[in-house]
Every structure is written in structure tokens, then in C-alpha cells.
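Got a structure for you, questions after.
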Amino acid sequence: MELNARIPDHPIEKMWTNHQFDMKLVNPANKRKYRVIVVGTGLAGGAAAATMGELGYNVECFTFHDSPRRAHSIAAQGGINAAKNYQGDGDSIHRLFYDTVKGGDFRSREANVHRLAELSLNIIDQAVAQGVPFAREYGGLLANRSFGGAQVSRTFYARGQTGQQLLLGVYQALERQVHAGTVNMHVRKEMMDVIVVDGQARGIVTRDLVSGKIEAHMADAVVLGTGGYSNVFFLSTNAKGCNVTATWRAHRRGAGFANPCFTQIHPTCIPQSGEYQSKLTLMSESLRNDGRIWVPKRAGDDRPAHQIPEGERDYYLERLYPSFGNLAPRDIASRRAKEMVDAGHGVGSMKNGVYLDFADAIGRLGKSAVEERYGNLFQMYEKITGEDPYQVPMRIYPAPHYTMGGLWVDYDLMTTVPGLFAIGEANFSDHGANRLGASALMQGLADGYFIVPTTIGNYLADGPKGGVDENHAAARDAVREVTESQNRLLETRGSRSVDSFHQELGRLMWNHCGMARTESGLEEALRKLPELREQFWRDVRVPGSADTLNQSLEKAGRVADFLEFAEVMCHDALTRDESCGAHFREEHVTEEGEARRDDENFAHGAVWEFKGVGEEPVRHQEPLTFEHVPLSQRSYK
Amino acid sequence: MNLTLHVWRQSGPRDEGRFETFKPEGITESMSFLDMLDLVNEEITVDGGEPIAFEHDCREGICGSCGMVVNGVAHGPEKLVTACQLHMRSFSDGDEIWVEPWRASAFPVMRDLVVDRSSFDRIIQAGGYVSIRTGSAQDANAIPVPKPNADRAFDAAACIGCGACVAACPNASAMLFTSAKAAHLSYLPQGQTERLERAVGMVAIHDEEGFGNCTNHGACQEVCPKGISVDYISRLNRDLLKANLTGVEPGD
Amino acid sequence: MRRVLSLFDSTVGKKAVMAVSGLILFGFVFAHMAGNLKAFEGQESFDAYAQFLRDLGYPALPEYGVLWIARIVLLLAVAVHIIAAIQLWSRSRKARGSRYRKSDSQVFSYASRTMRWGGVIVALFVVYHLLHLTTGTVHPDFEYGSVYANLVVAFQSVPVVLFYVVAVGALSLHLYHGLWSVFSTLGVQNPKIDRIRRPLAGGVAFVLFAGYVAVPLGVLSGIISL
């Protein structure tokens, strides 16, 4: 597998501008001769489809949802960063670039991150022009707030529903193109495979989720905006439908998978309340601005919170990080909470959370001020737990939330398979080992609106590929393989539901490849995963038939891919023998218990090559150099 | 909790459909309504049956996928929540619960509780956007928007497109959905240029898709999980009448 | 004209047509009520008022001229009101499709739920009322021109008065929801109006009800007599 990042040879500040000039263009009249497939309609996929349609390409856009508006980008709460410096507080493109590289703990590619920071400006302009109702000040200008990991106010937001509003902007742009006839929208069609002809991505195989029909769709290029894989843990804050299938299938067809072990765990989620629970709910991180995190000093203390006197409480973040206190970065806050729970200090009936206490804030600011700031979050918490956070402290616990790893892409966002592009959370490009808050929306939109519609032209400019249709042997083979695998799932008729396997996989991954990882734990996971996968194919029960709306069958296919994917994730965590960002290996800690990077041996992106199910994958490296942001140890003391 | 659950089962659009009764065990008050359905489905699967099909995704009330009529009320008995945010503590031991799909001619049932809401997408296609080309926008702060207008636009834009308004309306009208999108854009300067064309285009498709007309019952507002106000319907009516009387045609 | 007709193309336009025709009919209903109260001034005054209506516009227009113009406008208003109502009703029935096994309709006001059947009752009542006191077809002792006498005779029957009270009640309920909705349908949106919309509609509907039942009850109680 050849890894050529194709970083243009220009100074970083001018790189994207000059590269845009250097790239070949497709004549406007010729664009309609090209057909492009876009999979996924979130911020990245939806924006790419809309923009490429607008440019004149024939776009075929696919989603497994009933409408493009349901993509999981919709659930992002906090905001979107942009280096507008509207607050005049010293922000700049360079500062956003710097913060993102440092926040990613020096495991991202400088060239890509710089471009992201540049494009952040255009994103806000674009969204506002579409009518995205961002928060405004009384003078009518845009408002900003600050977010974790930054010392400036650069986050634009729309109450607690920024992702929703940005996605609706994308959705509207997309539907406008559907109306104009440039985008052909396929809803309720799930991508099952990539079709590769002569080494180039030329199409995809989809399953119609209503009729069950499996068919090939051909094109000159394929763009995947299919999101992340946090659901490998079963319990996460991701929507239930989020899955790894599209990226995993692309990986099986030759696309390198980069840094799969970089998974972010969000510190403020509502703890699980029972074994049956299907989904974890995120509470905005902004709560940590006024809430104080604590656990009882004595392990196993069963008293209700109000009976535990002040002297017997451990405000551990304030104790360990006097200057950042409760606002320590996500990875640190998450890890410390896990340590407390593991040591028996957990609270709640399942002993699986820590307190986030607003008693002080209510005393200091008054109940109405707290209500004004967090009223909707408190309400949401009460709806879910039945407890009133004005009376008793909230209980929180970390949960899988975002995955920095993804398909390896070059500067043009093309994977190692020519003609196959990956955008948004589906690629590995910008966040390194840890993503800063309010950066996911930024990256999805930068990739979708501004990068891939331009760089795809450079790939296509040599002329339409032509000569391949749905009857090509590669297409027919791919359709047959998908059909066979589906029939196998239906014919197994075992005794266990798909969900029960997914839960078991999730527990295994959470325990061994979750917030803290060890060599022995990862080795154990690598022993157990093949067994679990074998058991799945022997004993899974998928009711119903292939030619109807069959949700069990949909889930089964996704879990089957998670079972394969989990293995490369563990391999990656095991071979990355250092701690960095969200990847925490217990063997590599500083004396204060913080992550210890090993820049000498691991300042690279690890890119995995598929060698067959159950075969050991091959690890390649893309060396990372840091010319503009000097390597340094993160410190939040 | 002991419950008797009657769930609508329908194998496809042409099937007549019927209720099937379940007596699930192991339900606790802290479960969400969908956790409860998951549990029922697990039992069905292990017993060799076909699980209940229902739509869901984010399970935190924002994606708009889930939607079912619980005991005659869209999204169930609690105000301002979607079905996925409904918890079993809203019910009492021994309750009988009837679960039905959204029922409206424009939302045909595809299977069990899953309905086809693609008509909503077609209403948006008819004008629910601002025609702005990627990359052609001016600086975001070039057009100030008075905060009250921005707030009103947001209130309307909070719609999640779940379809509860249609499900609850005695006329199966989608005017709350349609007017919320129109209002989101008509409160902002960006949305003015196409304002009247948008109204004509969206209402025309609304009618063509087979939704009924608004008779000002207000049932939509009662069940809307995002508390969208019926006042937007009035606003859309005005735009449409203005367009009609000044001869504005739908946009391209 | 084409633009006005294009209103009939959309449900919103049809509703506007109903609103405008409804407002015309409301204007008539209000004036009619006010005229009725003349009965409390006695036979002479009431009959003179009736004659005044017949002569209105004379000699510029022939006798009965304005009266017939008003009648034609009212008939047209009734016609489009009913046609639009029936079209919208049939659309809604089709749009709703199957009904829920359980339905919880507490959220609708009584007036809004009874709008359609209320409208039908009002229409039937108007037919009866015309046959009763305009043409005299179903009147026990009708004498053309003796408006006051016809009225007093008619309302001496308790069942007739009861029927009138019920019908006028239905009419008031219909107008209550109609008046309240008219603002929304025609897109009049003003927070100040919104706040007083319901009480205003309720107040007007009550005045109408009281004004209309006053005459039959007046006859029955002997305040109005020959």
C-alpha cells in the first residue's frame, strides 16, 4: 500500500490557494458528463452532494434514512468554530490551526488542519447566507462563546442545536438541487459495498431497505460521508443507525484505515440506568462551567448526596488540576471519572457515575440564573432520570462520542483507492488523537462544501471513465457477494438476537479498548474477538426475509462488520505503544498520571491494510512532521 | 411493571393490519418507551417471531425519526417530547397501552409503525430554502439580524420533521410543518427575496401530496415535541394570499 | 378576476374565500339581529322598519331593489361558503384516511369540532327560517306585509321558540370559531390582536346569541305582543 499524502509544495499559508490554481478543472459544459456517487447526507455528504450538483455534476446521493435530514450531524449540540475574530480577542487562522494541532496531541497532518482553519471563515458565511439562525447579540451581529481547549471565543452556536440548524441548511441546499434535477436522491438505500474496477472506485452496491433489492450503481467517482464508528461500543451517544459498514467495506476493497484506535469519550453523559439500555445521552459540556464534580471520599459510600458532609467529598478535578479544575479537557475529565468509579467511589444505584453538583452555583447565582443558563439541559436530565437536578446533584459518566480515526486520505481527501473519497468523520484527516469541541461540524462542512467538490475535479479532469456499467463482472461479483452474505445471515437461524451480540461486542471493546487500554487487555480482546465473530455466524437469529423492510437484517449486516472492524481497532491500540490524546495506554503515563507521548517512535499516522477476515492486517505509516506547531507536552495543571 | 401492550402490526402497504397484544415482562420505570419496545422485540426474536418495525435513530429527540401514536396521542402522554424521550414512569402498573403508526393518506404505512414521510422532503423541494450558491456568500456579519427576529426564526427552525402535527390533525394537514419552514426563512433578511414564491410553491405541493387543510383546531401545536406555534400558519396564509392577489407564481 | 379565482386552487385560498364570505354573512347576521330588536319598540315601528328596507334606494332603484341586491350577494356568499366547505371537507376526509383505534381529542375546542355539523344545522335552520317568516310556507297564520304580527304569532309556540334558541346557539358557536379563525386564515397577525382574539370572538358570539333569543323569549314572556 503506497501512502502519498500529496501535500502541495507551497508555504502552508498559501498552500490551499495555490493548490486550487494548480489543480486541473473540468469545463462547466463537460461536468454533466460525469456521474458522482455520494453516500451519506450529513454535514459532509449532504454539503458535497449539493455543491457538486450545483457545479453541474450528475450526483447520485444515497442515505439509509427516510430523509437526508435525519443524518446524525443533526444531534450535535454545542457549536462550530471559526477564526472570524468577530470578538477581537486575538483569534486568527493561525491560532485555530495551532489549537487544533495541539488539541489533537500532535497526531494530525499540519497541511490539512491549516486548510480547515482557513475554510472555517467561509463556512460561517455560507451557513448564514442559507438562513442558519445562529445566536445573535442585541446589535444584530453574530454571538460567540468559548469552548474547551481554546482561550478565545470563536464558537458560533444556535442554542443547543447547532448541528441541527447546520444540517437543515445543508438539507435545504440539497433539496434545492434535487428540485433542480442535478442530484438524484436515493433514500432508504444502504451502501453494502464498493465496486472497484481496474484499481479505481467505480460504483457501489446498495440494498433497498424497503424492497430488499440489491443493486449496483456505477459512477466516475465515489464519495463516502458515512460518519464514525463509536457504535462498536454498542452504548454510545451516536444514533442507533451509525455504523462502520461503508468505511469497512471500502477498507476491504483496498482503502487504508488510519488510526482506528483514536476514539473520543465524552465526559458528560447520563450514566446507564439498566442492562436493557440502548443508548447513552450526552449532556452539553457547558455544564462543567458551573457544576462541580465530586465523589464520596470513602469507597462504597451509600449515603445520598445531601447526607455526605463537605469534608467527606472529593472534588478530584479541582484537587488534581487546580488551574483548569472542572474544565479540564475531555480526555482527562473522562479518564479521571473512570478511575474514581473503578476504585469504588461511583454513585447512583449502579455505582456507575460521578456527581456534577450545582448546589454552589445555585447558592452563588440563584436558581433563576442557573435555570436561564442550563434550563433545557436540566429539563432533559429530569425527563430521562426522573431526578430533579436543582435538588440532587446530577450523575454523569463518560461515553463514546466521536471517532478521530477513519479512512486514510491524502490532501485531496482521496483514499488509497483512486476515485474513492472520504469526508467528514469518515476520514481521519484533521483531529489527530483528540478532537476539540465544536470542530466536528467545522470539518464536515469544510470537506463537503469546499474541499471535495474542488479536488474531485482534479481527479476527473482526465475525462469520463466510461466503459463500465452494472453488468461489468466486478459489479456483478460485488452484488453476488452481498447477496450471499445476506442469505447466510438469514439462513443461520440460531438462538441469539443481533442485539445480544452487539451488546457483548460493546462490553468487550469498552473493557479492553475503551478509555484506558493495556497490552494484556488488548491481547485478550484479540483472542476473544474471533471467537465472538465465529459464534455470531453460527448462532445469530435474523428473523424475517430478504425482500421486505427487515430491521433485524439491517442490524445484522452492520454488527457483522463491527465484529471484523473491532479487531483492527485493537491491533491499532496494541501497536501504538504510547499514550496520546484519547488513546490512553496505562503503561505510558507521566508521574502525575497523564498521557505520555512517544514522539520518537509514534509521530505518525498508522494506516492498516486489509488482508482477509481473521488474517493479521498490515500496518503502514505516514510520518508526521511539525514545522509550524512545535511538539510539546500538553499541560492543563 | 405489568403492562398490556397492543401494537399495530401490518406487513406492508397493502396489508390491512391489526393489533397484536403483548404482555412484556421485566419493564421498569426508568426504561424509555423505545427501550421497552426493544425488550419486546428481543422476546419476539428469541421466540421465533418477527420483531415490531419502528423508526428511531438518535433517541434524544432531535432526528425526528421516531413517531407513534400512544394511547391516541402523537408521541404519547407527555408534552414536548418525542416517543424516544418518553419514559415508562409516565405509565402506571397495570396500564393498557395502544401503539399505532401515524395515520394519514400522505403518510402510507410501510410496515408496522413505519410510515413513508417523503412527502415532507417534496414540500421542502418546492421552495424551503434560500437559493445561495456555495462560496458566493458575503461576510456573515454584513447583514445584521435583529435578535428578536433571529430568535423567532430559530423557534420555527426547531421543527424536527417528525410528522406528529399531521398525525394529530383531524384533517391530516401539514400546515404546521410547512409554515414553520416558511416562517424560519421569512423572519430573516436572507429569506425575503423568494418569500412569496416559496409560499405558493410549498402550499401547492402540500395540497398535491394529499394533506388536508387547516381548520385552526390547534391539535398540531399540542403534540409538537418542539412546541412550534400555530401562529406561523397565519403568517404563511398571509404570504400566500398576498402572492395570489399580486400574481406571484411558484419559483423554478 | 383570474387572481381571485386562483385562490380556489389551494386549500389556503379556499379557506380565505370561506373567511371572506363568512365575514359578509356575519355582517348580515349582525345587522339582522340589530333590526330584530326593533320589535321591542312595538308593531308600528317594526313594520315601518320592514317597509324602510323594501323601499331602500327607491326611486333611484326600483322597489325592493337594494333588498334584492343584498339577497343576491348573500346567496352568492352562502353558495361559495358551502361549496368551499364541502370541497375542503372531502379533501380532509381523504387526507385523514383511517382513524385511530384510540383517540384523545381533548385538545380541540368544542366549537372547532362542531364547525362542520354546526354549519349544516345553521344551513337547515336558515331554510326553515325563510319558509317560516319570509315566505310563510310553514307559518300557521301568515299575512304578507304584517311582519310584526307574523312574528308574534310564530313565537307563541314553545317548541318553535326552543328550536330557534337551539339553532341560534349553534349559529353563535359557529361564528365564535369562525370569527376567531378568520384572523388566522386571512393572515392577520399581530400580538395585540392575538391576545384579545378569543375573548373578542366570544363576546361577539354572546351578544349575537343574546340579541337573537331576546325576541322569541320576549314574545313568549308577553313583553312583545299584539
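Order as written gives the chain letters A, B and C; numbering starts at 1 within each chain.
We adopt the following convention: contacts are C-beta pairs under 8 Å (C-beta built on N, C-alpha and C of every residue); 3 or more make two chains touch, one makes a residue touch a chain.
Remember, predicted model here, so these are calculated numbers, not experimental data.
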Taking each chain's C-alpha mean as its centre, the one farthest from chain C: A
Most central chain, Cα average position: B
Distance between chain centroids, defined by C-alpha means - chain A, chain B (Å): 27
Whole-Å gap between the CA centroids of chain B and chain C: 37
Centroid spacing, where centroids are CA-atom means, of chain A and chain C in whole angstrom: 63
List of chain B residues in touch with chain C within their complex: 6, 8, 19, 69, 71-73, 98, 100, 103-106, 168, 170-173, 175, 200, 203-204, 206-207, 210-219, 222-223, 230-231, 233-242, 244-247
Chain A contact footprint on chain B (complex, rising order): 11-12, 26, 28-32, 34-35, 38-39, 41-42, 44-46, 48-51, 53, 55-60, 62-65, 78, 81, 85, 87, 89, 110-111, 114, 116-118, 120-121, 124-126, 128-141, 143-147, 150-151, 153-154, 157-158, 160-161, 184-185, 188, 190-191, 252
In the complex with chain B, residue positions of chain A that touch it: 47, 50-51, 54, 65-70, 72, 74-75, 84, 86, 122, 124-131, 133-142, 158-159, 161, 164-165, 168, 171-173, 175-176, 178-180, 185, 187, 210, 239-241, 273-274, 276-279, 281-282, 380, 383-386, 449-450, 453, 495-497, 499-500, 541, 543-544, 548-549, 551-552
Residues of chain C touching chain B in the complex: 3-4, 6-7, 9-16, 88, 91-92, 94-105, 107-109, 112-113, 115, 177, 180-181, 183-189, 194
